[in-house]
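Following this line, the structures themselves.
First chain A sits with chain B, and in the next complex the same chain sits with chain C.
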Partner chain A sequence: MKRRKVIGLAGAGVVGAATAGTVAWRMADDPVAPAAPAPDRIEFYGERQAGIITPAQDRLHFVAFDVITKDRDALIDMLQSWTAAAARMTAGKEAGALGAVGGVPEAPPEDTGEALGLPAADLTITIGFGPSLFDSRFGLRAKKPAALADLPKFPGDTLDPGISGGDLCIQACANDPQVAVHAVRNLARIGMGVVSVRWSQLGFGRTSSTSTSQATPRNLFGFKDGTANLKAEEATLLDEHLWVHAGDGPDWMAGGSYMVTRKIRMLIETWDRTSLLEQETIVGRDKGEGAPLSSKAEFDEPDFAVEGDDGEPLIAQDAHVRLAHPTENNGVRMLRRGYNFVDGSDGLGRLNAGLFFISYQRDPHKQFVPVQTKLARLDQMNEYIRHVSSGLFACPPGLAAADDYWGRSLFG
Partner chain B sequence: MRTPRLLAIVAAAAATVPLAACGGNDEAGTASGASGKITVDASDTECKVAAAESDAGTVTFAITNKGNKVTEFYVYAAGDRVMGEVENIAPSLSRELIVELAAGTYETACKPGMIGKGIRNAFTVSGSAPALTEDAKLAQATKDYQRYVKSQTGALIEQTTAFVNAVKAGDIEKAKGLFPIARTYWERIEPVAESFGDLDPKIDAREADLAPGEKWTGFHKLEKDLWVSKDVSKSGPTADQLLVDVQTIVDKSETVTLSPVQLANGSKGLLDEVASGKITGEEDTFSHTDLWDFAANVEGSQAAIAALRPAIEEKDAALAKTLDERFASVEAALEKHRQGDGWALHNTLSEADLKVLSDEINALSEPISKVAALVAGK
Partner chain C sequence: MKRRKVIGLAGAGVVGAATAGTVAWRMADDPVAPAAPAPDRIEFYGERQAGIITPAQDRLHFVAFDVITKDRDALIDMLQSWTAAAARMTAGKEAGALGAVGGVPEAPPEDTGEALGLPAADLTITIGFGPSLFDSRFGLRAKKPAALADLPKFPGDTLDPGISGGDLCIQACANDPQVAVHAVRNLARIGMGVVSVRWSQLGFGRTSSTSTSQATPRNLFGFKDGTANLKAEEATLLDEHLWVHAGDGPDWMAGGSYMVTRKIRMLIETWDRTSLLEQETIVGRDKGEGAPLSSKAEFDEPDFAVEGDDGEPLIAQDAHVRLAHPTENNGVRMLRRGYNFVDGSDGLGRLNAGLFFISYQRDPHKQFVPVQTKLARLDQMNEYIRHVSSGLFACPPGLAAADDYWGRSLFG
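For the complex of A and B:
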């Protein structure tokens, strides 16, 4: 995937432009920064957390944690350790200064080692704070944003609580799966005694483009996904739909974004024996090009009014693209960043496959919730999907420099 | 790759470890020269140890499995007493064994397929490099732990005798009650027991551990007789053998002195046992009395740490405090499952209960994994 390497570099530049040049390289403050950014390295520090409008990497390892300590200082201490390790790992370095083989032989290695010799692979590590963190344990009740209120139950939800929610989450994305797993594994290890892994999810192929420089990928239904996604280059739209403004809620979230995760099992076996015509009718786009059924090219705006010879709209009333489209949802937009998954098989002779949906938005209750409410009620696609896990996390703004740490504005 | 500050201990040893040429092994010189490690090339049929001798002190073996079978590497003292071992080295993996050896004659062994006596080589340690135990506090630690072992072995033989007598008398209920109690003393001193090689499997093998055709003896055979077959009329010989084997362990353990590094690794090893065998309910799969073993492993681990505690306190007071807190936290979590003089059965615990215990063991094991380096790097 040579093309993506180039995109990674270009994308990083574009990010700066998109945010009016406010993303500065802060090498002087960053002890782990190299002399110049490597082509496969995404800057960890900046106004925004990396991993949101960063051109979507190919691989995901997502993990949600429960905080198991009652000691607020221990949690803060861990967040500081996490920040330092994340800064190192996103720079292509080992989790700790002594690394996998640099310590004394009697001690377990500081880094777990499986990423030795691998490049940074555009690794981004993005943190989020879940609603449950804001209970009575750490004195954060008053700092809980209204936007972080629990999501409602949607019609048809078959959520497994064991793989839903969490006090904290880490989204690790990279173009090498081992690099992403290495990041999560080392953070989990650092967190022993403070946090415990609640659930985790691997994703093997991105299902969204977050930059105009990227081709639109396909989900496991075989369709292009994320054509109408928010993109890094759309600064005005990002400002309106993605980033939390000062005054939206508590100050600590200004400049951040809210993440919704939904693990969506796809019943691919039944989908695969559905006719092409029906598949395209359900999606509302053609399978080859990804064009709306009303139009010719992928990026043509869908025209929901156009009717066929039978007098019915070319894009059905309950087609996915219509139900989810901004023009049908008061202009609501989200930045989607999902990944395909196959978690082995389900014991019934079927692949346990689907889409790990991730969206970022300024307020999930004004963006994700109304759209999903409509989809859950009306979408023809529901026959082929099951929502089995749900998560909501507040992702604070980026860190200014190496003396800053994840959660400082929240706990400070 | 390695930074200059690395391996203070081994670097010191490197200057003194004579690198014996090893016929036919081209890699020996370079592989063992830089780091002071003795490379071991293990295959399905060979065990090429790059050096046949070393100076006394900390010796590091770097074992690479170049065969197709999972292998193990051991260092034995006279009488096949295990001085150190690395288990479960998968094909193409490399592992290290750090072992503290006093002057004397030893044997190394690779065990392709993890069975039998293995492929042996003589290994001679000479000189009198200052052992870690010269540190007064560490020396005291080994003495203290020895005393602990003695206290446990006395109870072990007593309770095993009572258990064996109940089995032989056909008193199933009594035997069931004594089973987890006798095992408590066994599980507390497992690091010692394991240093006697094949006695451990004779006493404690699980049915799933056996190779085809291998005779099953020990606690878990009797456990199955008591809980599954519910018939101990033919269990007499197994019970007698168990008592003989336990008596042998008890006698031998009187002579064992664990080094500070062995103590530290033993305390971690006991918690690893909890994490891999007791949390999952694999240990006592018929009786479900795993929490007795769980508690005993933690107590044994704590005893080893307690012996080392003065030394830990001196070198890293914060770590000592963390260990105290985490041991207390594990005990509190376990205490919730106490029932009378014993513990709830494993199969009555919910997944959520087990996750809490697993988290506690993880939280304790991470800082404990730092102790070996601490006591070695005096």
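For the complex of A and C:
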């Protein structure tokens, strides 16, 4: 049967006609999970959601959604469909059938196709629930964790509400950006009529290591970033600072983590006119090696007491590394997982570039908030940055098995 | 000498103090070109500019600049500095010194640092001169090629002038996006006071092959793109369709090529609600294999005469592949080198995504213009796309040696 003939039949409403020529698709009804992950495949199921302590992949597509229905069952249905699609895509498969769905040639494909032939690329898809989801629409008010209370306004914030917040978020990370974009785009497609894209952000380069196996990358100030980050190998610290415990709040979040996002525009043209010594003084580390100014090697602990010949501390009182360091913040730690971005230019002759900050923690109000409050007040770096977007999301624990779905512990 | 002490000296205006701790920098005064390129290094010098027939790298940062000075010598100086920096960066080095420049600690670094430790990543940096550069400011009016006459307005164009045009452009392509961003950012830094960023575009995934060694990638419609593209191995075709000949116009462009850019927003949510058969009919190829609907394999030549049982051609009269195919356009060919983009969302619940189209050709008015005129009038795909930005640039031939510079043939 020729293709145009098939289309002709389709136009006449005849169903059941097989499409020729689509044999190359990975079949949508393959079983999802073989026993062992391929080298570039991150297991979707497990005690924790993947994409948190997973060694940070190189590329990000992040999206926040508004729920546009008040129909609780429709939302749950979508979350079930999302879960199935996420399990498939992280396994290197398509989101669904690419041919004529159910033999109906008029139906759109259940995958958009642009990742066909690409590897799994370490794709992780991580879901979070925003504070606004817990309003009156879906009966979730009693289940809202105290830790999900809105973040305060910080000094100097210049947030754009249009690219802040959201009822749901998806963090898709992969080593191939097309794989990450494909994942977000297909979840948006599946969610049509239930959710609407509120805002979305691509990140081209990771700015943190989340494993001791990774080299420390550089942010767009040219400095190594995330040297003192929490790492996947530090189980005791992760238990204390990253994962929500039973008893911390509502049961459905036990084993999960809270995500804070901040889109931080960097005024890189201004920074680039600043001397190296000024840059290093502001950061508190040297630019080449990434060592604290009190020392010589990147992973040396900063010594904030050491003074130079002039009696001034080698790491300034208002240096970023001092203000943000755990020893100066009652031992507070976070797992950072941010990305560099460039969103074209700003119409004023400057690149619209910066850091899309992502952190995970057990309680943002005890971790992100006090540190950011101090930074917003005192950090000399504020002259060169603007916080333009903010997000807070509760990321539930992982899914145990293929019959579980995102949100069951919350909606069940 | 301790770092804070150095800063103290700097503040007091003492020069000549060496900076400690920056030994990790690749030295800025290394000779540029060892004899043989590293595996991930593309030679900067040569008969042609790199980045045209170079096998298309995975990532793009494109930028268009306005010249903001009327000082011809300042512009030439900048082009000389750009050339030196481009030669260094494509060789995997920094743009310039990272330490205290010339021993002056107050001076900003001559490289921004974010590519330190990264490989050359097949970086190419390609320059183009826009039509507006040939106005009265720099005495170039008589040197303007006829081929650089403004493109006509095409039916359906919805161009934003703020992200169109430009006096100069830089196409930076690399297999690591941070390397491409670093290149553009440092050229912008070097150009401060002479040029201003007019617009800029990141592309995350190539949508064309420019070599027979490359697999055909997919665009965000999920289809293979660029199957019938000109390829680096087709020397006779390149000579006829790609490279400007002596006698085609002003001497300074002989051996160069003309670049057309079009930012094409794809309405992917609408596309995703369209049936597979409709999508394939519009494109004229099947989605899985990429074969013309008249045939079975991707690289089969489309046969526009073949009809189905119903007497209709298998490749519709208004299918994209037919409208754009050389045999339907007096043999016209172009070398396409486009990239997929996602620029966040559009505030209306949709991803702001599409194709940043780049083509190179011997004369855009004989190649791009007639094909695009036909597509703009007839292509059924127009329902799903919007052209929002347009650029036209004259890309001069390559530089023969290290004492040559971008624009010497034009300004000399």
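Here, the second predicted complex is superposed on the first by the 370 of 412 C-alpha atoms of A that agree within 3 Å, B and C clash if a C-alpha of one lies under 4 Å from a C-alpha of the other, contacts with A are read in each partner's own complex, and residues count from 1 in each chain.
Please note the rule applied: a residue touches a chain if its C-beta (ideal position, glycine included) is under 8 Å from a C-beta of that chain, and two chains touch if they have at least 3 such contacts.
Remember, predicted model here, so these are calculated numbers, not experimental data.
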First, second, both or neither for A:193, with chain B first and chain C second: first
First (chain B), second (chain C), both or neither touched by A:178: second
Touching partner for A:293 - first (chain B), second (chain C), both, neither: second
Partner chain in contact with A:108 - chain B first, chain C second, else both or neither: both
Which of chain B and chain C A:351 touches, first, second, both or neither: second
Contacts of A:70 with chain B and chain C, given as first, second, both or neither: neither
Chain B versus chain C as contact partner of A:98, first or second or both or neither: both
Partner touching more residues of chain A, whether chain B or chain C: C
On chain A, positions contacted by chain B and by chain C: 68, 98-99, 105-108, 189, 192, 196
Complex contact set, residues of chain B against chain A: 1-3, 5-10, 58, 60, 96, 98, 261, 326, 355-356, 358-359, 362-367, 369-370, 372-373, 376-377
Interfacial residue positions of chain A with respect to chain B in the complex: 68, 98-99, 101-108, 189, 192-194, 196
Chain A-touching residues of chain C, taken from the complex the two chains share: 2-8, 10, 19-25, 59, 61, 63, 66, 68, 98-100, 105-109, 111-117, 162-163, 176-178, 181, 184-185, 188-189, 192, 196-202, 204-205, 215, 218-223, 268-269, 272-281, 286-289, 291, 293, 296, 308-310, 312-314, 316, 340, 342-345, 347, 349-353
